[in-house]
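Below are the structure tokens for one structure; questions will follow.
We call the chains A, B, C and D, going by the order they appear; numbering starts again at 1 in every chain.
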Amino acid sequence: MIRYLTAGESHGPKITGIVEGVPAGLELSEDDIALHLARRQKGYGRGGRMAFEKDRAEISSGVRFGKTTGAPIAMQMPNRAYEKDDAGWPKVMNKEGDGADVDPITVPRPGHADLIGIQKYRYNDIRPSIERSSARETAIRVACCFPARKLLKHFGIEIGGHVIRIGSSGYEKPWEDVRNLVDPMLKDGAETVFKAADESPVRCLDEELTQKMRDEIIVRRKEGSSLGGHYEVVVTGLPAGLGSFVHWDRKLEGQLAQVIMGTQAMKGVEIGLGFEAGRRHGQEVHDEITYEDGNYRRGSNRLGGLEGGVTTGMPLIIRGVMKPIPTMLTPIKTVDIETKEEKDTRYERSDVCALPRAVVVIENVIAPVLANAFLDKFGGDSIEEIEERYQAR
Amino acid sequence: MIRYLTAGESHGPKITGIVEGVPAGLELSEDDIALHLARRQKGYGRGGRMAFEKDRAEISSGVRFGKTTGAPIAMQMPNRAYEKDDAGWPKVMNKEGDGADVDPITVPRPGHADLIGIQKYRYNDIRPSIERSSARETAIRVACCFPARKLLKHFGIEIGGHVIRIGSSGYEKPWEDVRNLVDPMLKDGAETVFKAADESPVRCLDEELTQKMRDEIIVRRKEGSSLGGHYEVVVTGLPAGLGSFVHWDRKLEGQLAQVIMGTQAMKGVEIGLGFEAGRRHGQEVHDEITYEDGNYRRGSNRLGGLEGGVTTGMPLIIRGVMKPIPTMLTPIKTVDIETKEEKDTRYERSDVCALPRAVVVIENVIAPVLANAFLDKFGGDSIEEIEERYQAR
Amino acid sequence: MIRYLTAGESHGPKITGIVEGVPAGLELSEDDIALHLARRQKGYGRGGRMAFEKDRAEISSGVRFGKTTGAPIAMQMPNRAYEKDDAGWPKVMNKEGDGADVDPITVPRPGHADLIGIQKYRYNDIRPSIERSSARETAIRVACCFPARKLLKHFGIEIGGHVIRIGSSGYEKPWEDVRNLVDPMLKDGAETVFKAADESPVRCLDEELTQKMRDEIIVRRKEGSSLGGHYEVVVTGLPAGLGSFVHWDRKLEGQLAQVIMGTQAMKGVEIGLGFEAGRRHGQEVHDEITYEDGNYRRGSNRLGGLEGGVTTGMPLIIRGVMKPIPTMLTPIKTVDIETKEEKDTRYERSDVCALPRAVVVIENVIAPVLANAFLDKFGGDSIEEIEERYQAR
Amino acid sequence: MIRYLTAGESHGPKITGIVEGVPAGLELSEDDIALHLARRQKGYGRGGRMAFEKDRAEISSGVRFGKTTGAPIAMQMPNRAYEKDDAGWPKVMNKEGDGADVDPITVPRPGHADLIGIQKYRYNDIRPSIERSSARETAIRVACCFPARKLLKHFGIEIGGHVIRIGSSGYEKPWEDVRNLVDPMLKDGAETVFKAADESPVRCLDEELTQKMRDEIIVRRKEGSSLGGHYEVVVTGLPAGLGSFVHWDRKLEGQLAQVIMGTQAMKGVEIGLGFEAGRRHGQEVHDEITYEDGNYRRGSNRLGGLEGGVTTGMPLIIRGVMKPIPTMLTPIKTVDIETKEEKDTRYERSDVCALPRAVVVIENVIAPVLANAFLDKFGGDSIEEIEERYQAR
């Protein structure tokens, strides 16, 4: 079973991750990972803040001569800003000393973990809440999940995501329009989807909609507000029979929902038709079963590739929502935790819309869930061993 | 940590559950549980099929003189139909013998686990898929989760659910309309919500909408189709600071999403505004922080009681979607797994809409997640011990 | 992954277990399990107490037509004494009522969980401690672990245990004497060991030693004392490569040690030479590696079948110690929890030596650990699927 | 719940660990950790090999101004030898390239993970087995477990270990002699034990025995053999009621046994009298219960501080065995994995006896188990919060 832990603060010296349980013999390089880290950094709607960083996860164990060894893989991403910029991070984030010369932050920003961090951990400074709940952590999460994604890819399982709505700009008929656009692309694997989406500054497959989204971001930036939106992630090549219906915690719907909703700023998730399935009646929802060339197929794929928590062999279709970024130029009312006085939120440099980049995070966080279901089915400790079985199916 | 396993088939002799980790000294009776089992059984849209059963979970361990002992609690729900009816279940579900006199089921119903069970477990009869993936299992899940719900109740934390949409019948402005209706009720605790909803045959708080939903069910029943819909579950009384943002798998959003999406027929989940948050800009989403009478509050509660995966002290608001029941009078195309010939699905007696009853299941399955977050915060092995701390906060 | 929960009190209406994660298609019957339950009940050194019970675990789910379905398996063992005997258990163990007519037990027996149960769970009656910590629970544990044992057996992996010491009666040279006796038997699989041991009333393979152990039990019974001892469990047929050295919690030594030390009355565990390895120097401990007929072997097997936490393909050799039964005719000093006065322990009918029966428990509790390591290696959801791979190795 | 992952190879660039679940507000510094890392490095019986390293774990997250923040703590220990020495480790351990210029190791050393690594992971070079199974990993494990140890210390719970046997040199009556020596020291807390033991080059509390052990090491070094031995670890200050008897996997005996047996080279573990309990009869084993000054005590502590898997409030006494180091100057027979020819093991510089240092590792690995049982009992997210409750007991 692949499992991982991440550590690190947004402005600390580095973020770190350890992934355990990756089979031996998987080709893995820092360049591979860097590709997705770069994708995660690109997207319209960013502020200027992190423009100077170019993320790279340094592997310090578990890989030798370009292949995994089966041992835990440690990765680190040094924070270049920590030393270089003039914000004094080594002093602010000092692991030693008493912090007497560092002013505590006492005005919590609504929508962030600022206030609940204080309440839960009894901090007298909001800084540690800000640092650990920051989306910066998703960079190392992308890196930690990548070996699982690579494993899936080795067996022809591809993942690709794209943006379907930003604020008021979205497909008119979100299910039909997107299916018509995306399903033909899936014959060549879901990576065609992310590659096409990457051509759009907002990761939207539709050119006109891309323009609308960009315009909406410009408007909201001027207003000092922010935006979130909806995305879709598709997975192709999954064999039928991964996951299980025999116990609730083995259902893939649930496991996928947890990793997605466990990602910063996500407030909803759906599989296939999702919420739309509640608006329709049964004949408009369930998928006919057919048999072609020795394989069962579904006439449509409105249930999104899962029945009873188990893969059907059809593409997996997941959608989710990211809330607008809470940090905004136009302030919201809040309270100083020391004086209990009403305050306006202080502006910090921030992005206007993080969704185009968040899609890359979601593509990656679902990979360990699927890889673990795959390993449950096929077992094995090395790619070579798994491959023998996979071929012999 | 509260954990549980369930076992049992829809038409087997009984369904069984074991719950481990419940503190000692919690008042618990079969009558308590039976109340929610009865609620789970009631709701417009049912077929005639299970009308004769009146569920009761028999406790056979872990409770003495009306209180939990801290030991695992075993519960069983005998299937009265197993012996009594004339369908021959003891023969069909025989744990012994070779089954030579039982005809296998070979025509999988789309939307159920029928086909994937065959593919995953190599059954040559669809029966075991049908039996274990059945919604019958949710009865014992309600029972297993009830001790956690009772624990929460002891500390003033209440859960209540209601239906907000069935097919095309739903609130016009799902967020505002429901907030206006529900929020005033929450001052008296979320149980007021379920009690009011229980007055409606479709568990809808709005009388006019109840009528519309009922009419829609009648229409779809006549057509031989089925319906699903949307529900909302609200939790009041949660102290701020449960859950954590420091690691993704400790975020309550994710844990809640897993238990909900791990429930039969659920295809989506959202917290607070959910998908609506993707359609709005930031100023319309984030909640002002205020301070009143020694407590932090949020001016609105559009994030639904969680920030950064941690409770804010505001009511928790969860919504989800249940797909329409796959078993329908009007057949769907499918394939015989033996002959590979195209077939129509065979009709089996079934409900038209299970949503009003499913709401009760969701109310219960979230309870262990919240109780575990509560126990993480307050620790302790007995209600007495936990109470001392809770009072001393 | 196979996992299980048990529930039930020694004098409650029944004990219950649920096992989740057993692959489909495994032949399983109540008779199979009853064999090991009967073995667990037989052994010299018993008191008269439970002579009337003949244990049988009733399966109520997860098995159809003699084979597992992949769904959770629930098992129950009704307590015949509960209704029949005159001790009034239904009243004493009543799940309802206030217990006003039941006298609390207030004198804790040293060596049992009596006192710590009071301290941990704030009971005012020792009864619940007695009931749940009782060795009665090991009966359902044997049943719950049996499917894993059967799975292993299907793939030629056999488990057999025997007693090597009771009190002062044991092999003179515990390692050499036992190896000389047991190793030749292992060519026919480890089940030959338990079958031969079952011929001895104390489950000892040596006839003379059997007589000595029996005599020692007689002497200690007369004195009103009790006895424990040492046992050995051997596993044959394990392929090399189960478990892993890459992370501490994946080492089989640790996982095996936990399940054994998690069993009532066990105070120590060792693999291979165990503690003797600390008395020797390196040349007397490590096993030469040889290569014969296409397989690596070890010249000796002093490390007991594991190197670095991973199976070597040699027999697994585990030893453990069970402490003497704490309930003894000759009293020990203790304290009344109400009055805090010094008291003598009250005698309750009890066995003098439980070790011969405990060996059967240990044989079974290790099975899920080994089966899970096996499933990690070979994967798969049905015996048929696993077998294809196992044959193709 | 405190959990951790470690990564890193013996001769790679660094070893890394991440610890998650440590409460906020715990004082923690690199110097604190370095003390135990230095203790782990010191001990008679070492080879010259690692003399130049002085271990220090660099904390890169989760600590600010000398206190934990509740966020995961990442630690790294760079391998100074990696860059400096002339063995060419950067080439041998290269994460990139094809390794064409690095000769594979093909002669497995008995007693190490060398051969099983090949069998499990299908390596064609033994190097990755050597690197990850090396005792070097225990350095980062000591660091990862230290925050738990510090937490315990904050609440007066102290851990101390010492050596009781090396080869043939050990206490004559291992239980009585050691109890007479150690028990009087425990009034001042178990740290007095490790501090006294640290005065001995072999960490033995007895001066004469220290001399004997040292002599035995000298003899075996000359012979080209190696030694292991027995140790004891004692924990004082544990409140009664940690752990539980209600389910087997919650028993502390089992959890402690896993972490200990999950440590390199450990082949046995026992609690209290341990295996000696099997040689005695009941009256010589069980501990009288007494009541003094408002506390229950045991007249003796032969069960070692645990009854039914739960702490009794008496000192916890754990013993274990470490096997002799497998790498020896005098070769053992083995087989070349390429040619399948018989070979002698190649000598590598190595220690003769690692036990004095391993004691420090065991002291640390048990800390998370005890800290988690403590947190289960007392709950809470910050030291301040836990302390309020602990004082209010």
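The rule we apply is simple: contacts are C-beta pairs under 8 Å (C-beta built on N, C-alpha and C of every residue); 3 or more make two chains touch, one makes a residue touch a chain.
The chain lineup, named per UniProt: A, B, C, D = Chorismate synthase.
Since we're looking at a predicted model, the values are computed, not measured.
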For subunit C and subunit D, chains touching each: A, B
Whole-Å separation of chain centres (CA-atom averages), subunit B against subunit D: 45
Mean-CA-position distance for subunit D and subunit A (Å): 38
Residues of subunit C whose C-beta touches two or more other chains: 5-6, 20, 70-72, 120, 132, 241, 244, 246-247, 381
Overall pattern in which the protein chains touch one another (line/ring/star/complete/other): complete
Interface residues, subunit B side, partner subunit A - complex: 5-6, 108, 110-113, 115-117, 119-120, 129, 132-133, 141, 165-168, 170, 220, 223, 225-230, 240-241, 244-249, 251, 253-264, 266-275, 277-283, 285-291, 296, 298-299, 303-304, 307-313, 321-326, 328, 330, 332-335, 340, 342, 355, 365
Of subunit C, residues touching subunit A in the complex: 20, 70-72, 241, 244, 246-247, 375-381, 388-389, 392
Touch list for subunit C against partner subunit B, complex: 3-9, 12-18, 20, 24-25, 29-30, 59-66, 69-74, 76, 93-99, 102, 120-123, 127-128, 131-132, 381-382, 384-385
